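Chain naming follows the written order as A, B and C, and within any one chain the residues start at number 1.
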Amino acid sequence: MIGPSRVAELDLPASGIETGAGRPAQSYWNESWERLRANRIGMIAGILILVFAVIAVMAPLFSAVLTHYQPQTIDLSATFRPPVSPHFLGTDELGRDTLTRLIWGARVTLGVALLTVAVSLTVGTAVGMLAGYYGGWLDDVLMRLVDTVLAIPAIFLFILMSILFRPTPVSLALIIASVGWGQVARLVRGEVLSVKQRDFILATRSIGARHLRLMLRHLLPNVLPVLIVAASLGVGQIILIEAALDFLGLGIQPPTASWGNMLTNAESYFFHSVWLVYFPGVMIFVTVLASNVFGNAIRDAFDPRLK
Amino acid sequence: MLAKYVARRFFASIVVVLGVTLITLVLMDRTRGTYVPGIDLNPSLRPDDIARLRADLGLDRPFYVWYLTWIWGVLHGDFGRSMIDGSTVMSHILDRLPNTLELTGTAILIGVVIAIPVGVVGALRRGSKTDHTMTVVSVAGVAVPQFWMGLILILIFSVTLEQRGLPWLPSSGAYSAVNGGDFFDRLEHLILPATVLSFFYTSTWSRFIRSSMLEVLSQDYIRTARAKGMSERRVVYLHGLRNALIPLVTLIGLELPGLVSGGLVVEVVFGWPGIGKLAFERALQYDYTTVMGVTFFATMLVIAGNLLADLLYGVLDPRIRYT
Amino acid sequence: MSRDEVADDKGFEQFERFLEHWSRRDFLKRAGGAAAYMAFLGGAVEFLDACAGNSTTTTTTAKKGGHVVEGNFSDVRTMTSMLSSDTASNQVIGLMFDGLLNYKKNGDLVPALAADLPKTSADGLTYTFKLRPNLKFSDGHALTSDDVKFTYQLAYDPAYKDVASPRRGDLSKYIKSIDTPDPQTVVITTTQVFAPFLANHGLYGILPKHVLGGLEPKAINTAPFNSGPSVTNGAFKFVSWEKGQQVTLARNDNYWAGAPYLDQWIYKVLPDSVAVTNQLKTGEIDIGPVDPSQFDALKTTSTVAMAEFAVPTFTFYAYQLDPSKPAGPLFQDKAVRQALLFALDRQSIVTAVFFGHGKVANSVEPPTSWAYKDKPQVLYTFDKAKAESLLDGAGWAKGSDGIRGKNGMKLKFTMITNAGNKQRESMLQVMQQSWHDIGVEATPSLIQFPQLVSQIVNIRTFDMFLVGFNWGADPDESPLYTSDNAIAGGFNGADFRNAQVDSILNDALSTLDRNKRKQLYGQFQDIMSDQVPSPVILFNTGIYGVSTRVQGTDFGPFNQFAQRPWNHNVWVTDGK
């Protein structure tokens, strides 16, 4: 993980003498961005995720242009067609076009992942910030709450909640986020605790800055790199969790398509129509891989020492 | 001083435990509805039968009565009886726990055994093709959903090998149905599921060891050892690896609490008779007592594990004994 | 006499002695084997669409020894017959315990522990059973009428009301008394004439009184016997139960029909239907139920033979008929109910969703039943035009959004079924699409099975549900269709109330005259085909994959899971 002290210290402008010959001083963020750009593979991964996200958001447009099919239209006379035109990626057991479902499935899978990340980060940062900043009894109470949530094995909690709350994409995101925020809170609290002691914070406090301003304008930016890395890695993890829940029968329910439930569904037809297994599997694999690679790239960019 | 710290952590844990049991029970209670666990759509069951079975299982008591009775039982070590099959929850747990530990323990073992050489090689040959390949494989390995990897492995190493007349691995269960149970039989059954489960550990730890080694090897004392003429091998293994391994022990320790529940998906894919599979099946069947018992048990292990870890740190590192 | 005549005489003498030496069982076995051999010669090797099950006997001599591993999806819950209500438990119990009677594969009753079918009194209230002589439990203890009485007492006798038997409702309602005039005779007297009594209640595994009789009724619920019967009376006895993994059974040498050939029978728990396929291929299991989607994958495996047969299992959907519920008013009109059924291409559902392994249902009775009427009053073939005209005629006109409406109501509703069942999920989508084409908006919704059961049996706020069901050997269908089962706790979830149906079904229960019953059920099926409160989409076929090394199995509509009179006849060709 990124060493906490690193972040705070580098916030100060480097004096010309210390950076050595030639190069002008750059802010920490610019430096990191440069390092990220230099990481070719990382950039590719990041762009890939961006492309998928765009496809996901504009799913209706893409599917209308590419395939002219609806994701839930059944055609019992065209079941198990192999990947030839007009069904470029074939059809499933009810004659639904695979490519269309992959596109719309991207919306569901990525949507769940991004929503979960957004909620986890927001709630987790808020809690971690408050606990770390104020300390004392608030810290105790909040951290006990976090401990409680993190003590129940996550998968058990997901199972119980999926049985209770019918898993729509939104409710599924909230279910997964209900555990995720705890980890983020702990992470953020750790960062805040170490940054809190830095001189510049004490200095800012001494000139009378209000708490909220302090937290948002000074602490938050230092915590941000950790959050970005967590977000990127999180997307991949959540896609896998969603796929696992689909396998257990508790994730996104048919007829709504998600990559995870397309993969699970196709399992029975492996001998029959292997492409049904192949395509969603590849999509999941590539996206998770990209998110892992990108997350690592960001981490390396913000803290080259760990390379 | 230490006693006060221990006491604080202990009481904090009690609070957490109560919180956990409450959450679990609220979730189960909310779903109670009118379903009687174990009842299928069986035409020979009559309404009065169902009502009577409900009463027998204690399902018409109010929620808090349920909770208090259950807590009371747990304090006496009595987790109650399964609503589906009437066996004690404790007997279910004790039957399955060794299987789960066997699986996750082996996975961790495989993880360590593979991660160390891979990490060391990666560090020593940093930037080389070997290093890149290994990084790619380990990063790719965790990008595949566990259940999918399990199914593919079954198809390759179980079905396909057998069809070709080659020695093949079994695809479900902890031991053979007939004359099974000896060490090699269990080992045979353990290979596929433990491999799938170990992928995560192998990948994470090998990269961790690699970066840890790199960091250690750049330290001054390593340079000194080299300058003093120590053989490279001794430098790497005696000094480098040993110091790089210490944080690994911490990482492994962090995994221990998740030992009980971490293998759930793998257990379901491979029909491994463990605690995760038990909890999953019983949750679907609304077997409240078993699910609560297992969740409580697993949570206790997590809390105990964390408590133990905290205490050890408290003992080993005096700086941490702040309040 | 001429030399030839002497020779003939001698031959005849030999033949007579030969006959004497054959045991009854051997004779049947060899006759069965001979019949199978003739069938084989006759070319009857195809297993598809056989409506009477399949025998896998050959003429080679049965080998002693070896094991069979049978796979299935659920673990056992209890191994005491009177306490079990789930299929897995009943299956394993069936291997260990026989009842008074058993089923032939077409559903006819055959005597098991009873020597013959019982004598029924003239008033139809008393059944007298004579047990076979020298019946023993696996521990050598004699099995007598006391054990039979004890077994049934657990469910019907008020003294045993603390025993949590799921059979209590029926048995306490219908059994008046059980007498045991001598150790070989059991006389069961019923409270009223109840035609399905023997078929529904004559097969319970008889329990050992000398083991369980000494326990307090309440203690029986948690007795160790339930997790491991120390004593059995069936083909196999209990060895061990590794929870979540398998139940191991061993040969019972004291079995009344003769000791089984096999040393062991193992019931193994499998994760899902793909695992069944994989393990049948590798040989890890010898017998397993095959999902329709896996049939093709197994068909080509040379080491697995497929047995396919019609079964009384079916999938149906039900309209909400309670007018006080939100969707109730939509389905009150018979024309709407009929129209929706006409709009479904059920044959394409069978072909696409079940891969052809099923039969479109013409009637509410299964084709396996002796009361089945193939062409009831109203037949529903796929006819979209007729559906539309029925709806038009009933006043449901298409609105501007394409959805039909009438008197301010829109023909819009939600269909529920349980998650995790691929076929049902697919069926809902086909229904959604088919009905969309005629201007009806039906939305699928998947919920967990326990919640589905709650809805059907108790809560009943659904608009429409889709579920599977299973009849027994008797054609009675009261649980689904009589008014007194439309109360909370009953299975008449649709709230179908029809006085005529009530009286027909009641009359059919109160007579033992099969012809009269058949006539009544004919009327019943006619009415149901007209009223269609809960249309049946299809009747399934049961498919079993059996390893070619396993001989002697004889799967059929009623010899599937629990009731298999041929268990002890199973043997394996390699003797392992």
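In this text, contacts are C-beta pairs under 8 Å (C-beta built on N, C-alpha and C of every residue); 3 or more make two chains touch, one makes a residue touch a chain.
Since we're looking at a predicted model, the values are computed, not measured.
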Measuring from CA centroids, which chain ends up nearest the centre of the complete protein set? B
Between A-C and A-B, name the chain pair that shares the greater number of C-beta pairs in contact. A-B
Per the C-alpha centroid definition, the whole-Å distance linking chain B and chain C comes out as 40
Separation of mean Cα positions, chain C and chain A [Å, integer]: 49
Return the distance between the CA-based centres of chain A and chain B, expressed in whole Å. 23
Interface hub residues of chain B, defined as touching at least two other chains: 31, 151, 155, 268-269, 284
Numbers and ranges of chain C residues touching at least 2 other chains: 274, 420, 448
If I count partner chains per residue in chain A, which residues reach a count of at least 2? 163, 249, 267, 270
Considering the complex alone, what residue numbers of chain C touch chain B? 67, 69, 75-78, 83, 85-87, 164, 166-170, 173, 200, 221-222, 226-227, 242-246, 248, 264, 266, 268-271, 274-275, 278-279, 281-285, 420, 448-451, 453-454, 456-459, 467-472, 479-480, 485, 487-491
In the complex, the residues of chain A that touch chain B are 140, 144-145, 147-148, 151-156, 159-161, 163-164, 236, 240, 243-244, 247-249, 260, 263-264, 267, 270, 281, 284-286, 288-289, 292-293, 296, 306-307
Footprint of chain C on chain A - complex, ascending: 72-74, 76-77, 79, 93-95, 163, 166, 249-250, 253-255, 265, 267-272
Of all residues in chain B, those that touch chain A in their complex: 12, 15-16, 19-20, 23-24, 27-28, 30-31, 139-140, 142-148, 151, 155, 211, 214-215, 258, 260-262, 264-265, 268-269, 276, 279-280, 283-284, 291, 294-295, 298-299, 302-303, 306
So in the complex, the part of chain C that touches chain A is made up of which residues? 273-274, 277, 291, 293-294, 296-297, 345, 348-349, 351-353, 419-420, 422, 425-426, 428-430, 432-433, 444-448
